[in-house]
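Reading through the C-alpha coordinates given below for one structure.
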Amino acid sequence: MTVRVQEETFDPGLELNSFTQSVQGAGAVVSFTGVVRDVEGKLAEMLIEHYPGMTEKAISKIVDEAKTRWSLAGALVIHRYGQLGAGDQIMMVATASRHRVDAFQAAEFLMDYLKSRAPFWKKERTASGDSWVEARDEDEDALSRW
Amino acid sequence: MTVRVQEETFDPGLELNSFTQSVQGAGAVVSFTGVVRDVEGKLAEMLIEHYPGMTEKAISKIVDEAKTRWSLAGALVIHRYGQLGAGDQIMMVATASRHRVDAFQAAEFLMDYLKSRAPFWKKERTASGDSWVEARDEDEDALSRW
Amino acid sequence: MDVLYFAWVRERIGVPRDTIETDAATVNDLIEELRARGEEYQFAFEDIRALRVALDQELSDFDASLSGVKEVAFFPPMTGGE
Amino acid sequence: MDVLYFAWVRERIGVPRDTIETDAATVNDLIEELRARGEEYQFAFEDIRALRVALDQELSDFDASLSGVKEVAFFPPMTGGE
(Lines give C-alpha, C1' and ligand atoms only; values in the text may rest on other atoms or scores of the structure.)
Protein backbone atom coordinates (compact mmCIF):
# COMPACT_ATOMS: atom_id res chain seq x y z
CA MET A 1 0.00 0.00 0.00
CA THR A 2 1.60 3.27 -1.11
CA VAL A 3 0.55 6.82 -0.25
CA ARG A 4 2.36 9.78 -1.76
CA VAL A 5 1.59 13.46 -1.20
CA GLN A 6 3.80 15.54 -3.44
CA GLU A 7 4.19 18.85 -5.20
CA GLU A 8 5.85 17.52 -8.36
CA THR A 9 3.86 16.04 -11.21
CA PHE A 10 3.73 12.31 -11.94
CA ASP A 11 3.12 10.10 -14.96
CA PRO A 12 -0.16 8.15 -14.55
CA GLY A 13 0.83 5.58 -17.20
CA LEU A 14 4.17 4.83 -15.57
CA GLU A 15 2.52 4.68 -12.16
CA LEU A 16 -0.15 2.29 -13.47
CA ASN A 17 2.44 -0.02 -14.97
CA SER A 18 4.70 -0.10 -11.95
CA PHE A 19 1.71 -0.62 -9.66
CA THR A 20 0.49 -3.53 -11.83
CA GLN A 21 3.99 -4.98 -11.78
CA SER A 22 4.04 -4.79 -7.98
CA VAL A 23 0.81 -6.75 -7.48
CA GLN A 24 1.45 -9.81 -9.58
CA GLY A 25 -1.25 -12.39 -9.07
CA ALA A 26 -4.08 -9.87 -9.09
CA GLY A 27 -6.37 -10.32 -12.08
CA ALA A 28 -7.97 -6.89 -11.90
CA VAL A 29 -6.38 -3.44 -11.71
CA VAL A 30 -8.48 -0.26 -11.55
CA SER A 31 -7.08 3.25 -11.77
CA PHE A 32 -8.60 6.66 -11.36
CA THR A 33 -6.84 9.82 -12.50
CA GLY A 34 -8.13 13.27 -11.64
CA VAL A 35 -7.20 16.00 -14.10
CA VAL A 36 -7.51 19.79 -13.73
CA ARG A 37 -10.45 20.83 -15.91
CA ASP A 38 -10.33 24.13 -17.65
CA VAL A 39 -13.07 26.35 -16.21
CA GLU A 40 -14.85 27.57 -19.33
CA GLY A 41 -11.56 28.11 -21.11
CA LYS A 42 -10.26 30.64 -18.65
CA LEU A 43 -8.60 28.79 -15.80
CA ALA A 44 -5.15 30.29 -15.31
CA GLU A 45 -4.11 27.90 -12.58
CA MET A 46 -5.27 25.80 -9.69
CA LEU A 47 -3.69 26.05 -6.26
CA ILE A 48 -3.98 23.11 -3.92
CA GLU A 49 -3.35 23.68 -0.25
CA HIS A 50 -3.01 20.80 2.19
CA TYR A 51 -2.33 20.14 5.84
CA PRO A 52 1.15 18.65 6.08
CA GLY A 53 1.25 16.04 8.80
CA MET A 54 -2.44 15.30 8.73
CA THR A 55 -2.67 14.56 5.01
CA GLU A 56 -0.73 11.32 4.80
CA LYS A 57 -2.20 10.18 8.09
CA ALA A 58 -5.77 10.77 6.86
CA ILE A 59 -5.14 9.04 3.54
CA SER A 60 -3.46 6.06 5.20
CA LYS A 61 -6.47 5.68 7.47
CA ILE A 62 -8.80 5.65 4.42
CA VAL A 63 -6.60 3.06 2.69
CA ASP A 64 -6.56 0.90 5.84
CA GLU A 65 -10.33 1.05 5.95
CA ALA A 66 -10.53 -0.04 2.28
CA LYS A 67 -8.24 -3.00 3.08
CA THR A 68 -10.59 -4.21 5.79
CA ARG A 69 -13.60 -4.00 3.48
CA TRP A 70 -12.26 -5.55 0.29
CA SER A 71 -9.76 -8.20 -0.60
CA LEU A 72 -6.97 -6.09 -2.10
CA ALA A 73 -3.63 -7.18 -3.52
CA GLY A 74 -2.52 -3.55 -3.43
CA ALA A 75 -3.56 0.09 -3.37
CA LEU A 76 -1.87 3.29 -4.47
CA VAL A 77 -2.80 6.90 -3.73
CA ILE A 78 -0.92 9.89 -5.11
CA HIS A 79 -2.19 13.42 -4.44
CA ARG A 80 -0.46 16.62 -5.45
CA TYR A 81 -0.47 20.05 -3.82
CA GLY A 82 0.84 23.41 -4.99
CA GLN A 83 0.33 25.11 -8.32
CA LEU A 84 -1.29 23.20 -11.21
CA GLY A 85 -2.39 24.15 -14.72
CA ALA A 86 -5.34 22.99 -16.83
CA GLY A 87 -4.75 19.45 -18.04
CA ASP A 88 -2.33 18.61 -15.20
CA GLN A 89 -3.00 15.48 -13.18
CA ILE A 90 -4.13 16.27 -9.64
CA MET A 91 -4.22 12.83 -8.15
CA MET A 92 -4.44 9.14 -8.83
CA VAL A 93 -5.81 6.08 -7.11
CA ALA A 94 -5.11 2.49 -8.15
CA THR A 95 -6.40 -0.75 -6.67
CA ALA A 96 -5.71 -4.38 -7.47
CA SER A 97 -7.67 -7.46 -6.58
CA ARG A 98 -8.43 -10.97 -7.70
CA HIS A 99 -11.73 -9.95 -9.25
CA ARG A 100 -13.00 -6.74 -10.76
CA VAL A 101 -15.79 -5.99 -8.28
CA ASP A 102 -13.43 -5.56 -5.31
CA ALA A 103 -11.01 -3.42 -7.30
CA PHE A 104 -13.78 -1.13 -8.58
CA GLN A 105 -15.52 -0.80 -5.23
CA ALA A 106 -12.31 -0.07 -3.35
CA ALA A 107 -11.26 2.58 -5.90
CA GLU A 108 -14.63 4.33 -5.66
CA PHE A 109 -14.52 4.17 -1.87
CA LEU A 110 -11.02 5.66 -1.82
CA MET A 111 -12.11 8.48 -4.14
CA ASP A 112 -15.24 9.29 -2.14
CA TYR A 113 -13.29 9.45 1.12
CA LEU A 114 -10.28 11.30 -0.30
CA LYS A 115 -12.64 13.89 -1.67
CA SER A 116 -14.30 14.71 1.65
CA ARG A 117 -11.94 13.45 4.36
CA ALA A 118 -8.38 14.19 3.21
CA PRO A 119 -7.27 17.75 4.05
CA PHE A 120 -6.89 19.34 0.60
CA TRP A 121 -8.43 22.59 -0.57
CA LYS A 122 -8.54 23.81 -4.13
CA LYS A 123 -8.46 27.38 -5.31
CA GLU A 124 -9.14 28.32 -8.91
CA ARG A 125 -7.40 31.32 -10.38
CA THR A 126 -9.10 32.76 -13.47
CA ALA A 127 -9.00 36.04 -15.38
CA SER A 128 -11.99 37.16 -13.33
CA GLY A 129 -10.41 36.41 -9.98
CA ASP A 130 -9.60 33.70 -7.46
CA SER A 131 -12.11 31.46 -5.75
CA TRP A 132 -12.00 28.54 -3.39
CA VAL A 133 -13.72 25.49 -4.81
CA GLU A 134 -16.74 24.73 -2.66
CA ALA A 135 -17.50 21.26 -1.38
CA ARG A 136 -20.54 19.78 -3.10
CA ASP A 137 -23.36 18.25 -1.06
CA GLU A 138 -23.31 15.24 -3.35
CA ASP A 139 -19.71 14.54 -2.39
CA GLU A 140 -20.62 14.41 1.29
CA ASP A 141 -23.71 12.35 0.42
CA ALA A 142 -21.54 9.88 -1.53
CA LEU A 143 -20.04 8.69 1.77
CA SER A 144 -23.36 7.38 3.01
CA ARG A 145 -23.35 4.49 0.55
CA TRP A 146 -20.35 2.82 2.19
CA MET B 1 -14.63 5.95 -28.81
CA THR B 2 -12.04 3.32 -29.70
CA VAL B 3 -12.47 -0.46 -29.87
CA ARG B 4 -9.51 -2.72 -30.62
CA VAL B 5 -9.52 -6.50 -30.84
CA GLN B 6 -5.98 -7.72 -31.32
CA GLU B 7 -3.61 -10.63 -30.87
CA GLU B 8 -0.53 -8.57 -29.97
CA THR B 9 0.10 -7.29 -26.47
CA PHE B 10 -0.31 -3.64 -25.48
CA ASP B 11 1.08 -1.31 -22.84
CA PRO B 12 -1.66 -0.26 -20.37
CA GLY B 13 0.32 2.75 -19.15
CA LEU B 14 0.90 4.11 -22.64
CA GLU B 15 -2.73 3.45 -23.54
CA LEU B 16 -3.91 5.26 -20.40
CA ASN B 17 -1.75 8.28 -21.16
CA SER B 18 -2.73 8.56 -24.80
CA PHE B 19 -6.40 8.08 -23.89
CA THR B 20 -6.18 10.83 -21.26
CA GLN B 21 -4.45 13.07 -23.80
CA SER B 22 -7.28 12.47 -26.28
CA VAL B 23 -10.07 13.51 -23.90
CA GLN B 24 -8.83 16.87 -22.71
CA GLY B 25 -11.45 18.64 -20.67
CA ALA B 26 -12.53 15.52 -18.80
CA GLY B 27 -11.73 15.75 -15.11
CA ALA B 28 -12.01 12.04 -14.39
CA VAL B 29 -10.36 9.08 -16.11
CA VAL B 30 -10.97 5.50 -14.99
CA SER B 31 -9.12 2.47 -16.31
CA PHE B 32 -9.54 -1.23 -15.80
CA THR B 33 -6.84 -3.72 -16.79
CA GLY B 34 -7.44 -7.46 -16.74
CA VAL B 35 -4.34 -9.57 -16.20
CA VAL B 36 -3.91 -13.35 -16.63
CA ARG B 37 -3.76 -14.81 -13.13
CA ASP B 38 -1.57 -17.77 -12.49
CA VAL B 39 -3.78 -20.74 -11.57
CA GLU B 40 -2.17 -21.98 -8.36
CA GLY B 41 1.29 -21.52 -9.77
CA LYS B 42 0.79 -23.92 -12.63
CA LEU B 43 -0.83 -22.06 -15.51
CA ALA B 44 1.23 -22.73 -18.61
CA GLU B 45 -0.79 -20.48 -20.89
CA MET B 46 -4.19 -19.07 -21.61
CA LEU B 47 -5.79 -19.34 -25.02
CA ILE B 48 -8.47 -16.84 -25.95
CA GLU B 49 -10.76 -17.65 -28.85
CA HIS B 50 -13.09 -15.10 -30.32
CA TYR B 51 -15.65 -14.72 -33.10
CA PRO B 52 -14.09 -12.47 -35.74
CA GLY B 53 -16.74 -10.26 -37.27
CA MET B 54 -19.08 -10.41 -34.30
CA THR B 55 -16.56 -9.33 -31.67
CA GLU B 56 -16.01 -5.70 -32.65
CA LYS B 57 -19.68 -5.34 -33.49
CA ALA B 58 -20.73 -6.62 -30.05
CA ILE B 59 -18.24 -4.42 -28.21
CA SER B 60 -19.22 -1.32 -30.21
CA LYS B 61 -22.85 -1.96 -29.31
CA ILE B 62 -21.93 -2.13 -25.62
CA VAL B 63 -19.90 1.09 -25.88
CA ASP B 64 -22.80 2.83 -27.66
CA GLU B 65 -25.12 1.77 -24.87
CA ALA B 66 -22.70 3.19 -22.28
CA LYS B 67 -22.64 6.49 -24.19
CA THR B 68 -26.42 6.80 -23.98
CA ARG B 69 -26.41 6.12 -20.23
CA TRP B 70 -23.55 8.31 -19.05
CA SER B 71 -22.00 11.57 -20.08
CA LEU B 72 -18.68 10.38 -21.49
CA ALA B 73 -15.85 12.40 -23.02
CA GLY B 74 -14.37 9.16 -24.33
CA ALA B 75 -14.18 5.39 -23.99
CA LEU B 76 -11.55 2.84 -24.95
CA VAL B 77 -11.81 -0.94 -25.12
CA ILE B 78 -8.90 -3.22 -26.01
CA HIS B 79 -9.32 -7.00 -25.87
CA ARG B 80 -6.74 -9.57 -26.92
CA TYR B 81 -7.17 -13.04 -28.33
CA GLY B 82 -4.70 -15.86 -28.98
CA GLN B 83 -2.05 -17.21 -26.66
CA LEU B 84 -1.27 -15.42 -23.39
CA GLY B 85 0.96 -16.22 -20.42
CA ALA B 86 0.52 -15.55 -16.67
CA GLY B 87 0.95 -11.86 -15.96
CA ASP B 88 0.05 -10.80 -19.51
CA GLN B 89 -2.64 -8.18 -19.92
CA ILE B 90 -5.85 -9.63 -21.42
CA MET B 91 -7.86 -6.51 -21.89
CA MET B 92 -8.35 -2.91 -20.87
CA VAL B 93 -11.23 -0.49 -20.57
CA ALA B 94 -10.88 3.26 -20.04
CA THR B 95 -13.57 5.90 -19.63
CA ALA B 96 -13.42 9.66 -19.23
CA SER B 97 -16.02 12.05 -17.95
CA ARG B 98 -16.48 15.38 -16.24
CA HIS B 99 -17.01 13.77 -12.85
CA ARG B 100 -15.87 10.54 -11.30
CA VAL B 101 -19.25 8.86 -10.84
CA ASP B 102 -19.98 8.68 -14.58
CA ALA B 103 -16.50 7.43 -15.41
CA PHE B 104 -16.63 4.70 -12.74
CA GLN B 105 -20.16 3.59 -13.60
CA ALA B 106 -19.48 3.43 -17.32
CA ALA B 107 -16.27 1.44 -16.80
CA GLU B 108 -18.06 -1.09 -14.59
CA PHE B 109 -20.92 -1.35 -17.06
CA LEU B 110 -18.49 -1.96 -19.94
CA MET B 111 -16.70 -4.66 -17.96
CA ASP B 112 -19.91 -6.42 -16.93
CA TYR B 113 -21.19 -6.49 -20.51
CA LEU B 114 -17.86 -7.38 -22.12
CA LYS B 115 -17.62 -10.29 -19.73
CA SER B 116 -20.94 -11.87 -20.68
CA ARG B 117 -21.88 -10.40 -24.05
CA ALA B 118 -18.71 -10.13 -26.13
CA PRO B 119 -17.82 -13.39 -27.92
CA PHE B 120 -14.59 -14.42 -26.20
CA TRP B 121 -13.84 -17.80 -24.65
CA LYS B 122 -10.89 -18.60 -22.44
CA LYS B 123 -9.08 -21.89 -22.14
CA GLU B 124 -6.51 -22.52 -19.44
CA ARG B 125 -3.63 -24.82 -20.16
CA THR B 126 -1.95 -26.25 -17.06
CA ALA B 127 0.37 -29.16 -16.29
CA SER B 128 -2.72 -31.22 -15.45
CA GLY B 129 -4.51 -30.50 -18.73
CA ASP B 130 -6.60 -27.99 -20.65
CA SER B 131 -9.95 -26.65 -19.56
CA TRP B 132 -12.39 -24.08 -20.82
CA VAL B 133 -13.09 -21.38 -18.26
CA GLU B 134 -16.73 -21.63 -17.24
CA ALA B 135 -18.98 -18.61 -17.08
CA ARG B 136 -19.85 -17.71 -13.49
CA ASP B 137 -23.48 -17.16 -12.47
CA GLU B 138 -22.43 -13.97 -10.68
CA ASP B 139 -21.16 -12.53 -13.98
CA GLU B 140 -24.54 -13.05 -15.61
CA ASP B 141 -26.23 -11.70 -12.47
CA ALA B 142 -24.04 -8.59 -12.60
CA LEU B 143 -25.93 -7.46 -15.71
CA SER B 144 -29.19 -7.14 -13.80
CA ARG B 145 -28.00 -4.06 -11.91
CA TRP B 146 -27.86 -1.93 -15.05
CA MET C 1 -26.15 -21.21 -44.64
CA ASP C 2 -22.91 -20.98 -42.69
CA VAL C 3 -22.97 -22.62 -39.27
CA LEU C 4 -20.06 -21.69 -36.99
CA TYR C 5 -18.86 -23.35 -33.80
CA PHE C 6 -16.66 -21.91 -31.08
CA ALA C 7 -14.78 -23.11 -27.99
CA TRP C 8 -15.81 -26.60 -26.80
CA VAL C 9 -18.70 -26.74 -29.30
CA ARG C 10 -16.08 -26.52 -32.06
CA GLU C 11 -13.88 -29.09 -30.32
CA ARG C 12 -16.72 -31.56 -29.89
CA ILE C 13 -17.84 -31.27 -33.50
CA GLY C 14 -14.28 -31.30 -34.77
CA VAL C 15 -14.67 -28.54 -37.37
CA PRO C 16 -15.03 -24.77 -36.97
CA ARG C 17 -17.87 -24.46 -39.49
CA ASP C 18 -20.27 -26.21 -41.82
CA THR C 19 -21.93 -24.83 -44.90
CA ILE C 20 -25.32 -26.46 -45.22
CA GLU C 21 -28.55 -26.37 -47.21
CA THR C 22 -31.48 -26.32 -44.84
CA ASP C 23 -35.19 -25.56 -44.68
CA ALA C 24 -35.11 -25.34 -40.88
CA ALA C 25 -37.56 -22.68 -39.74
CA THR C 26 -36.02 -22.03 -36.33
CA VAL C 27 -32.76 -22.52 -34.49
CA ASN C 28 -34.27 -25.49 -32.65
CA ASP C 29 -35.18 -27.10 -36.00
CA LEU C 30 -31.62 -26.55 -37.22
CA ILE C 31 -30.22 -28.20 -34.11
CA GLU C 32 -32.40 -31.26 -34.78
CA GLU C 33 -30.96 -31.48 -38.29
CA LEU C 34 -27.40 -31.08 -37.00
CA ARG C 35 -27.88 -33.79 -34.38
CA ALA C 36 -28.77 -36.18 -37.21
CA ARG C 37 -25.32 -35.67 -38.68
CA GLY C 38 -23.62 -37.90 -36.12
CA GLU C 39 -22.52 -38.40 -32.57
CA GLU C 40 -20.04 -35.47 -32.53
CA TYR C 41 -23.05 -33.23 -33.13
CA GLN C 42 -25.17 -35.08 -30.58
CA PHE C 43 -22.35 -34.56 -28.07
CA ALA C 44 -22.04 -30.85 -28.88
CA PHE C 45 -25.80 -30.28 -28.64
CA GLU C 46 -26.53 -32.63 -25.74
CA ASP C 47 -27.53 -29.79 -23.41
CA ILE C 48 -28.94 -26.74 -25.15
CA ARG C 49 -29.06 -24.79 -21.86
CA ALA C 50 -25.25 -24.79 -21.89
CA LEU C 51 -25.21 -23.09 -25.30
CA ARG C 52 -25.72 -19.67 -26.79
CA VAL C 53 -26.64 -18.85 -30.37
CA ALA C 54 -25.96 -15.85 -32.59
CA LEU C 55 -27.83 -15.14 -35.83
CA ASP C 56 -25.89 -13.02 -38.30
CA GLN C 57 -23.55 -12.08 -35.44
CA GLU C 58 -26.24 -10.94 -33.01
CA LEU C 59 -27.11 -12.93 -29.89
CA SER C 60 -30.49 -14.59 -30.32
CA ASP C 61 -32.78 -17.33 -28.99
CA PHE C 62 -33.29 -20.97 -29.84
CA ASP C 63 -36.86 -20.40 -30.96
CA ALA C 64 -35.90 -17.52 -33.28
CA SER C 65 -36.77 -17.75 -36.96
CA LEU C 66 -33.99 -18.47 -39.45
CA SER C 67 -35.77 -16.63 -42.24
CA GLY C 68 -33.20 -14.54 -44.13
CA VAL C 69 -30.37 -15.59 -41.81
CA LYS C 70 -27.01 -16.27 -43.51
CA GLU C 71 -24.79 -17.14 -40.54
CA VAL C 72 -25.62 -19.08 -37.39
CA ALA C 73 -23.08 -19.55 -34.59
CA PHE C 74 -23.19 -21.87 -31.58
CA PHE C 75 -20.96 -21.44 -28.56
CA PRO C 76 -20.84 -21.69 -24.74
CA PRO C 77 -21.50 -18.64 -22.53
CA MET C 78 -18.83 -16.02 -23.07
CA THR C 79 -15.93 -15.63 -20.68
CA GLY C 80 -14.10 -12.50 -21.80
CA GLY C 81 -12.85 -9.74 -19.55
CA GLU C 82 -10.41 -10.18 -16.72
CA MET D 1 -1.40 25.14 21.94
CA ASP D 2 -0.89 25.49 18.20
CA VAL D 3 -3.92 26.67 16.26
CA LEU D 4 -3.69 26.23 12.47
CA TYR D 5 -5.80 27.76 9.72
CA PHE D 6 -6.20 26.58 6.16
CA ALA D 7 -7.73 27.85 2.89
CA TRP D 8 -10.07 30.83 3.32
CA VAL D 9 -9.95 30.55 7.11
CA ARG D 10 -6.22 31.28 6.85
CA GLU D 11 -6.85 34.09 4.38
CA ARG D 12 -9.49 35.76 6.55
CA ILE D 13 -7.33 35.60 9.68
CA GLY D 14 -4.22 36.64 7.77
CA VAL D 15 -1.81 34.17 9.40
CA PRO D 16 -1.43 30.41 8.99
CA ARG D 17 -1.12 29.71 12.71
CA ASP D 18 -1.23 31.07 16.22
CA THR D 19 0.47 29.69 19.28
CA ILE D 20 -1.71 30.48 22.27
CA GLU D 21 -2.13 29.86 25.97
CA THR D 22 -5.69 28.82 26.70
CA ASP D 23 -7.86 27.17 29.33
CA ALA D 24 -10.65 26.54 26.84
CA ALA D 25 -12.34 23.24 27.68
CA THR D 26 -13.88 22.59 24.26
CA VAL D 27 -13.43 23.66 20.65
CA ASN D 28 -16.45 25.94 20.98
CA ASP D 29 -14.82 27.64 23.97
CA LEU D 30 -11.63 28.12 21.99
CA ILE D 31 -13.56 29.70 19.13
CA GLU D 32 -15.10 32.20 21.57
CA GLU D 33 -11.59 33.15 22.73
CA LEU D 34 -10.35 33.48 19.16
CA ARG D 35 -13.29 35.70 18.17
CA ALA D 36 -12.24 38.09 20.93
CA ARG D 37 -8.91 38.58 19.17
CA GLY D 38 -10.39 40.88 16.52
CA GLU D 39 -12.55 41.22 13.47
CA GLU D 40 -10.39 39.00 11.23
CA TYR D 41 -11.20 36.18 13.64
CA GLN D 42 -14.88 37.15 13.83
CA PHE D 43 -14.98 37.06 10.02
CA ALA D 44 -13.27 33.64 9.88
CA PHE D 45 -15.57 32.15 12.52
CA GLU D 46 -18.77 33.93 11.49
CA ASP D 47 -20.47 30.68 10.45
CA ILE D 48 -19.28 27.59 12.29
CA ARG D 49 -21.39 25.34 10.04
CA ALA D 50 -19.07 26.25 7.16
CA LEU D 51 -16.04 25.00 9.11
CA ARG D 52 -14.39 21.75 10.08
CA VAL D 53 -12.02 21.15 12.95
CA ALA D 54 -9.18 18.68 13.51
CA LEU D 55 -7.66 17.91 16.90
CA ASP D 56 -4.11 16.61 16.75
CA GLN D 57 -4.65 15.94 13.05
CA GLU D 58 -7.86 13.91 13.43
CA LEU D 59 -11.23 15.27 12.32
CA SER D 60 -13.33 16.10 15.35
CA ASP D 61 -16.38 18.02 16.58
CA PHE D 62 -16.94 21.50 17.93
CA ASP D 63 -18.08 20.22 21.29
CA ALA D 64 -15.04 17.94 21.69
CA SER D 65 -12.80 18.38 24.73
CA LEU D 66 -9.41 20.02 24.26
CA SER D 67 -7.90 18.12 27.19
CA GLY D 68 -4.42 16.96 26.21
CA VAL D 69 -4.74 18.40 22.69
CA LYS D 70 -1.59 20.06 21.30
CA GLU D 71 -2.73 21.09 17.81
CA VAL D 72 -6.11 22.41 16.66
CA ALA D 73 -6.82 23.17 13.00
CA PHE D 74 -9.74 25.03 11.44
CA PHE D 75 -10.61 24.81 7.75
CA PRO D 76 -13.49 24.65 5.29
CA PRO D 77 -14.86 21.29 4.03
CA MET D 78 -12.20 19.49 2.03
CA THR D 79 -12.19 19.53 -1.74
CA GLY D 80 -9.48 17.08 -2.79
CA GLY D 81 -9.78 14.46 -5.48
CA GLU D 82 -10.60 15.17 -9.08
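Think of it as A, B, C and D in the order they're written, each chain with its own count starting at 1.
We take it that contacts are C-beta pairs under 8 Å (C-beta built on N, C-alpha and C of every residue); 3 or more make two chains touch, one makes a residue touch a chain.
Computed from a predicted structure; not experimentally measured.
J.: In how few steps can one go from chain B to chain D if every step must land on a touching chain?
T.: 1
J.: From chain A, how many touching-chain steps at minimum until you land on chain D?
T.: Tracing touching chains, the least step count from chain A to chain D comes to 1.
J.: Please compute the C-alpha centroid of chain C, do the same for chain D, then give the distance between them in whole Å.
T.: Once rounded, the distance between the two centres reads 71 Å.
J.: Would you mind pulling out the distance in Å between where the CA atoms of chain A average out and where those of chain B do?
T.: 23
J.: When the C-alpha atoms of chain A and chain C are each averaged to a single point, how far apart are the two points in Å?
T.: About 48 Å, centre to centre.
J.: Would you mind listing the residues of chain D that make contact with two or more other chains?
T.: If we look for residues of chain D contacting two or more partner chains, we find 81-82.
J.: Two-or-more-chain contact residues of chain A, please, as numbers and ranges.
T.: Touching at least two other chains: 27-28, 32-35, 100, 111.
J.: Just say which it is for the chain contacts: an open line, a closed ring, a star, complete, or other.
T.: Shape of the chain contacts: other, as it matches none of the listed patterns.
J.: Which pairs of chains touch each other?
T.: Contacting pairs: A-B, A-C, A-D, B-C, B-D.
J.: Which residues of chain B touch chain A once you look at their complex with the stated criterion?
T.: Counting only chain B, the residues touching chain A are 11-17, 20, 24-38, 87, 89, 98, 100-101, 103-104, 107-108, 111, 142.
J.: What does chain B use to touch chain C in their complex?
T.: 32-35, 48-51, 53-54, 57-58, 79, 90-91, 111, 114-123, 132-135, 139-140
J.: Which part of chain D faces chain B closely enough to touch in the complex?
T.: 81-82
J.: Spell out the residues on chain D that touch chain A in their complex, using ranges where they run on.
T.: For chain D paired with chain A, touching residues are 4, 6-8, 10, 54, 57-59, 73, 75-82.
J.: List the residues on chain B that touch chain D in their complex, please.
T.: 27-28, 99-100
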